[in-house]
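As written, the chain order gives the labels A, B and C, with residue 1 at the start of each chain.
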Amino acid sequence: MNLPARLKLFNTPLILVAGILVIALLTQLFGISLLTRIVTVMFISLILVLGLQLYMGNSGILNFAHIGFMGIGAYTSVLFSMTSKAKLLTNSDLYPFLVPLHLSFLPSLLIGGLMAAFLAAVTSYPLMRLSDAAAVITTFALLVIIHVVLLHGDRITNGPRTLFGVDFYTTLWTSTVFAVITIFAVYLFKESRIGLRLRASRDDRYAAASIGINMVLMRWLAFVVSAFIAGVGGGLWAHFITSFTPYSFYLTETFVILAMLVIGGPYSVSGAVVGTLVVTAAREVLRAIENYVNILNVFPEGFFGFTEVVLAIVLILILVYRPAGIMGGRELTWLRERPKTRESEAFKNSGKA
Amino acid sequence: MINLEFIVNMLSLGSLYAMLALGLVIVYGILRLVNFAYGELIMVGGYTMYLLAGFTPLPWFVIAIVAVLAAMFTSFFTELVAFRPVREKSLTAMLITSFAVSTLLQNGALLIISPRARAVTLPQLFQTSVMIADTSVPWRNILTIVTSVLTLALLSLLLRRTVLGIALRAAADNFTMTRMLGVPANTIISTAFAISGIMAGIVSIFFISRSASVTPTIGAPPLLVAFVATVIGGMSSLTGAVVGGFVYAIIISLLGVFLPPGLLEFREAFMFAIVIIILLFRPEGLIRSKNTGERVG
Amino acid sequence: MLELQEVHARYGTITALRGISIQVSRGELVALLGVNGAGKSTTLGCIAGVLRPWQGSITFEGVPLVGKSPEQIARLGVSLVPEGRDIFPSLTVEENLRLGSFIQKEKSAYKRNLDEAFDLFPVLKQRLQQAGGTLSGGEQQQLAIARALMSNPRLLMLDEPSLGLAPVLVDQIFELIARLHQRGVTILLVEQNVERSLEIVDRAYLMNTGLIESQGTAQQLRTQADIASVYMGIKQQDKK
């Protein structure tokens, strides 16, 4: 490929990355710690949304287990990154063989991702052959099971109690760098042969099968890579928040990540980015309102859940009026507008009359 | 450990899960929609019981009926407002919508009532037992079994003897053809959702009776049971749902007996592993049906 | 009675109909002929409301059909027996027929139509309580047609009723269609079996890749048509 063509290929990710970097720079310049926190978390969320986009956007199947793998990555990475002393301090019941394990931050992160990927690989292969509805159901079941295991695996995870004492490693720029890498990775996957084949088999599985595409294998690969990304994202998040419980990796987070992807548009990488930005902004506003009302003490039991209720309503509205999300299947590009992908059309009108 | 008490408990659980799975499948069979908001219908039933039992002098029988009606109306209403507009778009859109509705209802309860658990005052009957053949059998279990037998019988009657019921079964076979015979799509779908709500409502009565409390997230565990039971039984056969419910109850009860105490908490994880194994060999579920949805590999 | 004008229809990005105009008058037996992919089933689908044409008009007894739902169109008296029969496999024969008369409001009409159905298709009476899915192909076809007749349709549309049936059954089906025509039922027949169709129909349209290639009375088409070329889908030669 000659240089201009190569640049064209990277057109979209470069734009997205540029946007990310601008946000990071501005955040750094403003120097407000609250803003820095919000943006750091936003970039971590972005990584998770991108991971989900990689699977959902290309295979067309909902994956509810994604946040579960985030949790696995989180717990695994801290088991390696914390010192023995710190580990025993938070969980005196820890399995002895886990105590001496110690690696620096990046390898810990990597192992977290690999663990998530490994578990995804093992549990998901039988599920890839299921019909779409059964596949969705079983990913949901997988989420719940992971949650149950994390909740009861006291000797590893400290159970429902808070696991604290994690070192803080995820700075603004750490999350920025990882977000940038993920954008490229997900985009490259989309444009790679695997991505192409996966989308082909999603559009017409019989035609794809007839030219030798193994849909089950493609789906499985995407699922595993997606889980890896989720695991790394989990590790990043763990080393930002420095203390957490299994409840951080369950339904609410699943909903938020899903909302970010769907509102932004699940069929393009740009959709994932746009969705994350928009929803994060909206959530902060809503949360401010929630806090304000709580201060006013209007509701005796506290004013909770408002953010999620509004977000859910917005999500439903998007699905009714603009089902392919804000980006509608398109990628951001400086070039002449790419034609709308067939996915977005199909997504809109696949119901019969 | 496996005695009459255990068997009655298992049967009671099985009949509960059978109704649970039925409520899910009746919508899936026609629309191919996995309704994530189904669990929240149980939550609605629970909160109705909490509000009525705690703040009104109504007799429990009435409260139970109102709870069932509340679940039915919620189901009906969510279809009308959230699912109908998205129906024509795509299945994935409907699925995500159901998840959004689920979140909406859960957080709605959080917002309106409280994030904390609320105790539900249960009738005396649910706490007493009766002696049968030298074993103490809780009334609760007997009631569950009797209610579910009655419900299944009524449902069966509806589906086999009424035109509406025949139309519902036809719609599960071939929705488009049913419409081409002049059957209004909206009527069919609303009816299916209403029945789904009734099932959830009935289940909620007995489900809440086990824990005597209700929280916004109480719908998640039964939803999971419904999902797994449905997948085991084969996704779109009503018989399959019933079978799946009983199979789930049997397996989880046996796991409760045979798992060593340390692993007991991981019952669900083992259940899931077993389900995966079942699916490995029978991706279409245990009950063969014509319309199990396209198998992929 | 039925009129299509310049109907265009698409499946996604594939154009199926490129401007179809057809008329069917009351009591007529009209055929849509052509090879696979010509657009015959698509045409019926548009009329029945299953597919929405993006251009053109369809009227039935003066009532526009485009945009109406399938159930609304069925209530106007249009009945379609789809390709592949689409009987309800988990319902019994009786239940299939019962549903067929769903729009029939009169109670007495149900009994009457049922008896007529048994008259035309005695085998259905024998298999009344059997599940539809256990019937043979030919029996299912009879059930599908009987079910469609249960509503006393004003327009009966049949999509490839002889498809996949053994020759002796094919004879029976065509005989049946002719008999229904004699009774005065208006029928729009889609078929690949050109020869047999032309024996029983009043008029026919020859379709090819979404267009009407030629039309006329059965007589005209029989003398004009080069049957082989229709089967091959080759455009006809002009005859002097």
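In the analysis below, a contact is a pair of C-beta atoms (placed from the backbone, for glycine too) under 8 Å apart; a residue touches a chain by one contact, two chains touch by 3 or more.
Predicted model, so just to flag it, every value in this text is computed and none were measured.
Centrality by C-alpha centroid: the chain sitting nearest the overall protein C-alpha mean is B.
By count of C-beta pairs in contact, A-B exceeds the other of the chain pairs B-C and A-B.
Mean C-alpha position of chain A lies 51 Å from that of chain C. Remark: chain B and chain C have CA centroids separated by 42 Å (rounded to whole angstrom). The mean-CA centres of chain A and chain B are about 30 angstrom from one another, to the nearest whole unit. Chain A has residues 346, 352 in contact with two or more other chains. Residues of chain C found to touch two or more other chains are 49-50, 69-70. In chain B, the residues that reach two or more other chains under the touch definition are 176. Chain B makes touch with chain A in their complex at residues 28, 32, 34, 36, 82, 85-93, 95-97, 99-101, 103-104, 106-111, 113-116, 176, 216-217, 220, 224, 227-228, 230-231, 235, 265-266, 268-269, 272, 275-277, 279-280, 283-285, 292-297. Taken together, the chain A residues at the contact with chain B in this complex read 60, 62, 123, 126-134, 136-138, 140-142, 144-145, 148-149, 152, 205, 215-216, 251-252, 255, 258-259, 262, 301-306, 308-309, 311-313, 315-316, 319-320, 323, 346-352. Looking at the complex, you find that chain B touches chain C at residues 163, 166-167, 169-170, 172-174, 176-185, 290.
Of all residues in chain C, those touching chain B in their complex are 48-50, 69-71, 74-75, 79-80, 82, 86, 88-91, 95-96, 98-100, 102-103, 133, 147, 151.
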